[in-house]
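The structures considered in this document are given below.
Presented sequentially are two complexes of subunit A, the first with subunit B as partner and the second with subunit C.
On to the complex of A and B.
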């Protein structure tokens, strides 16, 4: 390993200069000749029956090229697992951001005026906005015809329950009877948003019967598949290109408005570009962090051993399932947590409401579920008089242990994460003692790695420079840029000799893109395998020239040398020049998908989430101050320790953890969607309060590096989502430490903290 | 839409007499237009280049702040920081560096928002706005200027050219404290300003005003019995806690806040009392000679130094 060690000079991102100098082009920056401006017409009511949708006046407005509705696209239901929605609403609207029509006009102002001329009459229907009321027999249904939807896989459904999962091991009720102490808790988390800094944009241009779509997507291949499915086009006629992407955080996963704009461009007979406002970015995409109710009952022995847990989770799905079908099982895994629990009974339901659809925002279900279960864990520790770190020490999973769902773990570093984060915080407290309104809090968490197919093409050119052609998508993390380090290490060249070609479905092999912490895990394995093919060719060429065995050829520092013979070497660039005249240096690989582990728990509604490939573990330990007069909490320090396997790019890895923590602080304290009758009331950055750089605490990060088999390249696991999971939980425990009781709603806003203090006083 | 660029104040007044509205930083006007609150006026006159409006001047008994002085200048101007410290406290909390660099105090007070940060400090310091037309000039107290949320008593052709404030006496201090959910890009949920003068260990003057708890910035009444009472504890220059609590209670009682996305009325009423208490405490300590850096929100309180 010459390139990937952590003592190297700072990692330089190939996309960095473009982004910081402003020369980089994002989708909204693009223009093509004759382009029209698109605008969508939204329902703006949470639930209703369309009585009139008349676009005549909009169509007749001067400067309008096209207005399309459900009548202008194939009439079909789409979505993974449960196809339950259409591109444009037909008959019923089920959330405020539902699209009724799309307009293409000569400029943005005319498009907006045309939308205002669309004559809409929607008869209100009762709004389903309460998770518990939605489960009752007499609740109105979000989807009257839910039974007719053709769901795939193991998906128990019932009325407003979109999907249901349970995980059962042993006899939890009997085991609970053997506990010395039983603690029950209930927690409610509000929904929140991904809030990428770039509101999304889509530009579509038809040439003949094929369409090119530039879009702000984390997952260009999934976006392409969505267009092909909804517009009934073969894969070969849709090309998706992603210019620079201004962040995603999961909000730009999935398939969103690419087909709307493609259909609109076709109708307008000219290219069309849609650019979302910040408000639209809040209201319309089907990716929102789901609100959740968590009820937990856990039995422990007097010496702090968990003997049983029963739990129920309700998840706000919103109006359509999007990618949330697996959320119940994932949430169940998180309210069980990385603990050894011999008997468990967990049930989780994904509940239809008339809210914006939920979907995979960075570590879906996990921050809220972790916040609930780790708050509960501190209550358990209190109940048996144990220090929170010691209580966790006695119950978490260690190497070789069986998790609560029955997966047996190989070498894992959760215990070391706990010890290291706690020790780092303790050292700080020893140096600067806790102030009068300060306390510490700790939380552990986990997150799966997802192994899926991905391919890569790599070519070495005549001057020895290298191109990687990948379906990976850069969404701001820098993970794609690390692919160059992997190839450079395989090929013995510098990362600066390598150019990464990505962002184009017509060029790159298929891959998952920037979703589920998968960039290095999956695309990295493919790049590694494809690079190795070229390395093998180089070794063969060098072996022939140097009269050595190919197996003895070492590729490093731009040279092909012979192990043990320092004098004998050839420049790799010279080998490449020779090859350019004969057999070209090309590598192309599709890395095999790692084998998934098995479970022994009984899972109803199994979505493949009860056994995790290469699970990642972490512990966050925080110091928090709370103003007792106002309830304002301020996070002063976060000490993080993560087991994400081998760390390939230390600078990028630190950046991921720091970003995840800051996002976690937002979820803990200030970020929450406020709703009224199903409508978002704070769909903007004035009232939806992100954390700012001025709020960022001191962050100390350590990596527990374990070379993990059956995982990503070189023993790595994912790292994009894990840092976002434990932060809010640790903060909750620290706040509880200051004020003496749990704040049972998330975010733990100043007013909620103050109310909790007030209630405790009574 | 027409945009006139004024090179002199008279240019601006002429344009306003013909119906133009002044624009300096545009942080309210342009943002409001984009949010669909109010369309941009058909005629605008840009006053941001008028250097005569962007000065802070100290005469013998009076400080004059030009209406074009930006928040970024206010937070570091030696006259403001030294003698009108509450105004600097408030200016330093406004929006972001970008907002502070273009947003002006004149725009702030003429926008008439009860949530403006500089309003309460100016009230407790007794500031008067100077309003000019082509043919007249008058001074108006801020209490008379602000008539409701977003409304002012000025005529359409009157330009606010600045503020005048009587130079505070020597044993004087002022402070502005605000509730913040985060440390930048924040808007006042509630806030309070205080101005305190001492003669020896007696309070000779005490004014407190509240942000975002009424249709306009509200001055707390009934503080007279606090004045002329011995209020020092030892030599620390701190007003006794009982007096601070009484001031806080008066503030909470006189607040008539609304419930909205940012906070409930109940929470606002409680917290504005806390803010008032802290503002009076900080102002008194400054009056006693203690160095409390600007803004108070970063100098004292939870995690302030970190």
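On to the complex of A and C.
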């Protein structure tokens, strides 16, 4: 059964009342006096050379304040790792959502009409839309001048290959010869989308030479850096504020349209606001889940022991690299999987195409790669006649094991995740036996934690109330709200005594924001460290008053007491009041980055993705029904077990797992970008189907809590992305159990399942 | 920073303009005399002229449910409903749910953990309110059907179902005790 909130300790999210009453403002809800309405003009062709871009008629339309193009902003290439794109297209367009121009007008309708008056002529160029064909010597190039880009790092690049990585340990070819059984599989995953329910919005207002930008971003500091880089502004003249954020799932990571709107507001000489339509939200951001081809060959002994694996992964980068440079190595880690494999040889390439750019959508590369490798794993188990759970039991990494890339793991809970999820499903099947077209499926997965610098300021005010100032970004998970619990615990006060100021780059110390499941791991460590500074001050103050050693002072329940002396205590609020007359209670910390482990495998094109800090593990076990006449699959139950270290916020943690699983069901069954000549054909919610409340199964979640050293605060790891990884894989294995063969394309739509059934009949 | 007035000014356009009518809209019990183009959708007027931005716009196509409001108690996607058609009817938005205290649905959805990013929440609450008005003690299946027009990308829905169930039981208890008294 789903663990309900009544079984969990209460969690107060400070942004909750705002969100349920409608008083909370999201970016599109804001306006300022004199504000213009912005609209972008997109290429609408996948690849072409701009022959004419004439904005004269648009500029002359009554009610239009400004129309800007590449000629109106600094002419430079940007993007991390491989600067390969401009704010506005110049000469060549490489995907349909590329921005040609931006309009500011008196209202949205006039802005739209002005965009329609922009005279555009684009000469079509050959569309690169096939990953295999893009690798051929005679393929057209997405970037003719790729060699001139000033890439950082040592990643091999070649023509349409934007980045390449390989992981090699031992001699896989020779080891393969020793195997009793060798299985080869090929899987193809379509791209998909983050689809936050809030379409993004950006509002920019200049005051003198400084600009304030309100934006729906998961990463305000990265957004600020993008604006500074592209508009050539010093950091302290750009202030990024994120009002309530209506979901992101990675789609709102990175730097997107903040600079376009800032430049437009400058040209219009008035504030400007951009609000995306749902279609624009599908087409234009450089963050979508990448399509992927995975080819795997694995050798096993008759006892079911994996002895070698060789694999190749092709990843659709789309037209520009955005943040995807590290995807090959990450995908390689996922097609290796959380298994002990003594000899391995994996290659992965990020391939330029004329598609929307790929980027970090919730656990980038992982759900697709996990779907491929875990489908392959069931084929291996079949080949040696082992039950899928037993096969995994014999090959997964346990505490103290060396993973295939040569990292030795400390205490980890994958084996327990496998046992608990499988047992939970088995108990359900014992109670309600499988129906005639039902089967179960299991998949294991893993995901790294990312340790990066982050700072926090904490102050205790004269009445004992506390203010946290953090660069963390609340995207809905509740992770930022949980920061109050950490500070409260350190300071011996109630979470309700704590207010959190967040999502304003002008006041908060830098941090990663809501990306890579990092909020608690990094911002949490900073808040913990800053709170401890104040706690130490409080202990010193109390020790002097109570004539005790500072080390004996215990801060709890709003009191500073002495360990072992129940009678002696002072109210923390009183200590705060006296401190307000002397040394103020201020904490400011940048928590040290945890030490990263090392690996022994040879990594070409190393992007730092082979050595995993505080790896998270999970197992999802599902019951699925398939209608053999229609191919429609229905997920009936998901039993999840996760090792994400210590769980700090149980309701939030369950919410992450449940939400991740339901997103995973969508990716498994319905969510896939359909493309024709490089253009998206289902850029709307009617055509691109999310799971509804009527579709969702019973979800049971268990946490294997391991107090993990060298990780997040209180032995925690990340959790936001991991729940999204294993679901599609487990569903694939259940579908295979019903229909008898693997569906080798993702999503496993009714049509594809039905076709697989029909092909097996022939 | 104030809420937006998206269409307060009407520029000259080359496109044929819709005719402008004097309309009185009653939102959460308050009357708003307005001059509106006949082509204006209800959500843009609620968010613009009326100044209540709790009603969200997620798709402009009746697919996500974030713009759900009640018209005489019936849930409608206000993105695809003409504002002039709402004249003379009681419009309820999420801002009209709470009295001095939070509405039980609001309280319970928070307690259950059914709110994450919160963008779908107003629409979800309005659909739930309409459901409980017509079906005071819905089964889980009825809750699923009643809320199936509201997409949530964060929560996986289970805690939303729980919140609606808890509210139905709570309100039923209130009704029973008032009958007993």
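Simple rule for what comes next: the second predicted complex is superposed on the first by the 753 of 762 C-alpha atoms of A that agree within 3 Å, B and C clash if a C-alpha of one lies under 4 Å from a C-alpha of the other, contacts with A are read in each partner's own complex, and residues count from 1 in each chain.
Just so it is clear, a contact is a pair of C-beta atoms (placed from the backbone, for glycine too) under 8 Å apart; a residue touches a chain by one contact, two chains touch by 3 or more.
Predicted model, so just to flag it, every value in this text is computed and none were measured.
S.K.: With the two structures laid over each other on chain A, which partner does A:681 touch: subunit B (first), subunit C (second), both, or neither?
M.R.: Only subunit B is touched by A:681; subunit C is not.
S.K.: Decide which partner touches more residues of subunit A, taking subunit B and subunit C as the two options.
M.R.: Counting contacted residues of subunit A, the larger count belongs to C.
S.K.: Between subunit B (first) and subunit C (second), which, if any, makes contact with A:662: first, second, both or neither?
M.R.: Touch status of A:662: second partner only.
S.K.: Looking at the overlay, does A:202 come into contact with subunit B only (first), subunit C only (second), both, or neither?
M.R.: Neither subunit B nor subunit C is touched by A:202.
S.K.: Have a look at where A:25 lands relative to subunit B and subunit C in the superposition and call it first, second, both or neither.
M.R.: Second partner only.
S.K.: For A:107 in the superposed arrangement: first (subunit B), second (subunit C), both or neither?
M.R.: second
S.K.: Considering only the touch criterion stated at the top, classify A:476 as touching first (subunit B), second (subunit C), both, or neither.
M.R.: Touch status of A:476: second partner only.
S.K.: With both complexes overlaid on chain A, does A:634 touch subunit B (first), subunit C (second), both or neither?
M.R.: first
S.K.: Could you tell me if A:754 is touching subunit B, subunit C, both of them or neither one (first, second, both, neither)?
M.R.: A:754 sits against subunit B, while subunit C stays out of touch.
S.K.: Taking the superposition on A as described, I'd like to know which of subunit B and subunit C A:625 touches: first, second, both or neither.
M.R.: In the superposed model, A:625 contacts subunit B only, not subunit C.
S.K.: Pick out the shared contact residues on subunit A: the ones touching subunit B in one complex and subunit C in the other.
M.R.: In the superposed arrangement, which is not itself an observed complex, subunit A uses residues 685-686, 690, 692-694 for both subunit B and subunit C.
S.K.: Going by the contact rule at the top, pick out the subunit C residues touching subunit A in the complex.
M.R.: 1-7, 9-15, 47, 52-61, 63-64, 66, 93-95, 97-98, 102, 106, 109-113, 115-122, 125, 143-145, 147-148, 150-162
S.K.: Which residues of subunit A touch subunit C in the complex?
M.R.: Interface residues on the subunit A side: 2, 4-6, 8, 10-11, 13, 15-26, 28-32, 35, 37, 61-63, 105-110, 113, 195-199, 244-249, 273, 277-278, 475-478, 651-652, 654-655, 657-663, 684-686, 690, 692-694, 696, 699.
S.K.: Enumerate the contact residues on subunit B facing subunit A in the complex.
M.R.: The touching residues are 179-187, 261-264, 267, 270-271, 274, 301-303, 306.
S.K.: Which of the residues in subunit A end up touching subunit B in this complex?
M.R.: Checking each residue of subunit A against subunit B gives 437, 625-627, 629-630, 632-634, 636, 669-670, 674, 681-682, 685-687, 689-695, 697-698, 749-751, 754-755.
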